[in-house]
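In this document, chain identifiers A, B and C correspond to the written order of the chains, with residue numbering beginning at 1 in each.
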Amino acid sequence: MSTLTVEGLSVHYGGVRAAHDVSFTVEPGQSLGIIGANGAGKSSTLKAIMGLAPRQARAIRFGAHDLLRAPAHTLVRHGIGYVPEGRHVFPGLTVEKNLLLGAYTSSWKRTPIDEVYELFPVLGEMRGRLAGALSGGQQQMLAVGRAMMCRPKVMLLDEPSMGLSPKLVGDIAGVLKQLNAGGLAILLVEQNAKLTFDVTTTCLVMENGEIAASGTSAELSDDPQVRRIYLGL
Amino acid sequence: MRRILFIILAAVAAWLLPYGLGGYAIHVADVAIIFAILAVGLGLTMGVAGQINLAQVAFFGVGAYTVAILTTRAGLGFWTAALLALVTAVVAGLLAGIPALRMQSHYLGIVTLGLALAFTNWVTNAHVAGRAEGISDLPVPPMFGVDLSSGYLFYYVELVVFAVALAFALLVVRSPLGRRLRAMRDDDLAAGALGAEIPLLRMTAFVLSGLYGGLAGILYAGLIRFVAPESFNIANMFLLLAMVIIGGRSSILGCVVGAVALSLVREALLDASGYAQLGYGLVVVLVVVFAPKGLAGLPGQLRSLLRRRGGGSRAQLGPFQPYEAAARAGGADVLEIRGVTMRFKGLVALDEVSLTVPEGQIRGIVGPNGSGKTTLFNVISGFYTPGQGAVLLRGREVTGMAPYRLAQRRVARTFQNLRLFEDLSVRENLLLGLDRTRTWWIWRYPSVPWKVLGYERALRRRAGALIERFGLAEVADAEPRSLPYGIQRRIELARAMAMAPDLLLLDEPAAGLNGEEVRQLAEIVRSIRDAGVTVIIIEHNMGLVMSLCDQVTVLSSGKVIADGPPAEVAVHPDVVAAYLGDSMAAPTEESAEAAVEEATR
Amino acid sequence: MQVLLQTLIGGVTFGAVYALVAMGFSIVYRTMGLVNFAHGSVVMIGAYAASTFYLATRLPFAVAIVVAIAVTALIGLVIERFLRPLENKDFTLMLIGTIGFGAVLEAGAVLVWGATGHAVPSPVATGPIDVAGIRIPTYSLLVIAVAAAATGLLALFLQRTKRGAAMQAVAMDHQAATACGIHVGRSNAMAFAIGAGLAALAGSLIGPMLYVNPTMGGTLGIKGFAAAMLGGFGSMPGAIVGGLAFGLLDAFAAGNFQEYSELVTFLVFAVIVMIRPTGIFGEATVNRA
């Protein structure tokens, strides 16, 4: 089993500092959440781990693999699934093609596509449709499904609740809890603190590109300041 | 002072140059100046205004051919023909510019290239244009008894024309018009939101292109006294492009240097033209990859390389100096929205939204991600035209009005993801907001250029005051992209306030700010309100909304679900449900916009 | 009527070639968002490579075409490698860079083959077929058949293979594609090579119909580009329809306006794209204002 380790990660876009000296670990089977406002550096952190943003770090490791030196397209082979912010499905391809591309690095003869259809029956019904024609919620399921196709050990999710109705957010939460219960480690980045506290056991709060607080999700959800700022209570 | 010295030196050198040149060499210099004028024109259109115009060589041809035809076929005098040629070239520029109203970038490139081919095709086949043989024996331009058939004397005519053309181009670039053109090049949406009349500006760019092309064409006709299709073919268009790219397309002086340098190189390699073209091609490719700003950009590139080594300095914001409070006028509604519905491909982003905002209020608009808040702003500021409903500004209907018109009616906005002009300094960003002239104002450029300079000086004084007020003195001449996020947010706010707005729309102004910065923001927004500006603010930071806003409107799935004082709205059952509950499963704005974007990719 | 049908056949033949050029443009544009202004020059190189090989070796024309495709695919790879630093960054710069490459290729052709060009004998010896009084050149049929086959193969590749799907995925979203494990650079290089190969095919086919010379790329490239635009940039069906439409427009302009055909063609083209900048199959991100 592999632990995702991030040590001293910083992200700069030009002169703009998006994240600074961020460190955390995600143990096998653990669920870690990162909450924070728009622009707090959460997405940049995830993108940097995936090698999709300019980064500096002391170390980014997954088990024995050094991700800092691995080209971005090799991460999926190590069992890291990524659900990008805003879903980013391939709109002009069918649902099925989208899913199969999630398994690009392995043989298309033996993919977990049936498991994905079982988890999201609606995707099975729409397998022949273009992904761009799906609703926001269905696209989100497709993005999660696509990330599952590489049989990941850890899944990184960037704002899966974005633009979804509360009902769909609830559905996504259910799926994530189910996946986590099945042994998949989860790193969830969210503005929606309620969803995050619901899904994860441990949580970080990011402000201004730095980790401002951390604790168990239960502790944080009772913290008066967190409640005021992130839950609007 | 050093600049004046440099100008005098350059002028003296240019004036004395013919004394050191032989008969052929002066001819080469004459041709180089013509290319320099063409390059300045292309630099203005393509480099400064960002219009991919590949018909510049055709405007050149229009100028030269008009002179040739009018003098040899219609028997007009040279200078009468020249005047008409200039008008014809400008008209050609206007016509070729029409496609720019509908398309940009490569589309525009291919259409203008097609038009250039059409021109070559016409002159190659039309009897009046002398077909493939061209027209020879053009008259020598008369000039008070001076014999302009001499390359030496013609040089001085060219020199004067070139000096005027260059000075005019520099005036354009360093004044409000040039700034607007550059802003349009970088981000036409944001430029429109600041009141730049984008369609007129694009046409202006093409008029300039035609003007400089025509000017060069007239000089060419007077110098060579022979025109033929191959002088205006695509290969020469490429040569011209290479001059501008190698010199540095957004720098007028760079274009001149590129033009002169390549003209000389071309002359030196006349016997090996195949190798010469190979050379230009390679140099263009290398410049594009390694020195995108051309020769003119090299010093800056070196400097930034050194600076990176030295490590950047952290800029600091100064304190904000509050506006003087204005007497609070009450009552009148600044903005009224009546039943606005906005659909994207069948998905409803705004559903019968109605609201009114009275003068002097700070109105908060909140709602879950994708509830239609930014869409609402885009409707108010003219980016979207709603399917149904009306937007009224101080009682006047403005539905579907273009963003620049709304900006002229003093609606200012900021953007969720910051839309500062990256290639312009902070000061220039603010100057764009301050400049309230309309595009037709540019008649002053050719007629009373000193007034333009006077206006520019006045603008700069006001920009200085604004920079002081918003505490931006330390960063005034930096490029926005090099600055921390919090400062960029402050700049965008200052830029919006530069427009002296009546209605200010702020889209998530606190996003990415730290606690102290949020506190300062609240203070600034209050001061802006006290100065008599009505403010509408979209914000996720509930703490800020609760403390700052006089009234809050809550959107959910494109509908207004609550409207009232913050304290009341916060406990409204529908609001609690929208944020925390589990109802309303409708497709959202996010997915609708994403679908539109994706479909259009 | 007969004249009309005769023009139609000529138009469709050239249209098939324009369609190939347009498909080459489109596949590169789709995957990399790059408008390859050097494409016309690649067509020209393809024409030269095929005809030179054919004339020198007397081997079947098909072999010459394969050689030409190999040569241009290699050139495509070189261009892509050079411009890779600009991918997904500055659109205008990339565009100008490809114009630079076009000039290099053209100059290279002049240096290698001379400025005058050469005629290519038709590789099909048989005379035209007579159908109800209309003479259909056999070579036209060959051109149309080869173009159709190439289109079919390309569609099959994009629809049925993993690499084809990956190439489309990169076109739609290169970050998400990377996260799926697709090497974006490699995929782009392949798209570029395919685009160049299509250009070579077009060039080889048009060689015997025109006079092969170093400047033929300019006009052919612009026409293919215009065809792509007419159909809707980046759309494969659009490239085919646009190519045929442009071929017909060209043929009718030539029939009715003789030497002014180019003038008429481009003016009509300008008017059409003014009315519908997104083309028949549509790409809407034309004017971001």
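In this text, a contact is a pair of C-beta atoms (placed from the backbone, for glycine too) under 8 Å apart; a residue touches a chain by one contact, two chains touch by 3 or more.
Keep in mind it's a predicted model, so treat the numbers as computed, not measured.
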Per Cα centroids, the chain farthest from chain B: A
Two chains sharing the most contacts, counting C-beta pairs only: B-C
Inter-centroid spacing, chain B versus chain A (mean Cα positions, whole Å): 39
Gap in Å, rounded to a whole number, between the CA centres of chain C and chain B: 34
In chain A, residues with contacts to at least two other chains: 91-92
Residues within chain B bordering two or more other chains: 598-599, 601
Touching two or more other chains - residues of chain C: 172
In the complex with chain C, residue positions of chain B that touch it: 50, 52, 98-99, 102-107, 109-111, 113-115, 117-118, 121-122, 124-125, 188-189, 192, 198, 234-235, 238, 241-242, 245, 274-278, 280-285, 288-289, 292, 598-601
Interfacial residue positions of chain A with respect to chain C in the complex: 50-52, 71-77, 82, 84, 88-93, 97, 100-102, 104-105, 108, 146, 150
Residue numbers on chain A that touch chain B, as the complex places them: 14-17, 37-40, 86-87, 91-92, 132-133, 135-137, 139, 161-168, 170, 191-192, 194, 207-208, 228-229, 232
Complex contacts: residues of chain C adjacent to chain B: 35, 37, 82-83, 85-86, 90-97, 99-108, 110-111, 115, 172, 215, 218-219, 222, 225-226, 229, 233, 259-263, 265-267, 269-270, 273-274, 277, 282-289
Interfacial residue positions of chain B with respect to chain A in the complex: 312, 368-370, 481-485, 488, 508, 510-515, 540-543, 557, 570, 577-591, 594-595, 598-599, 601
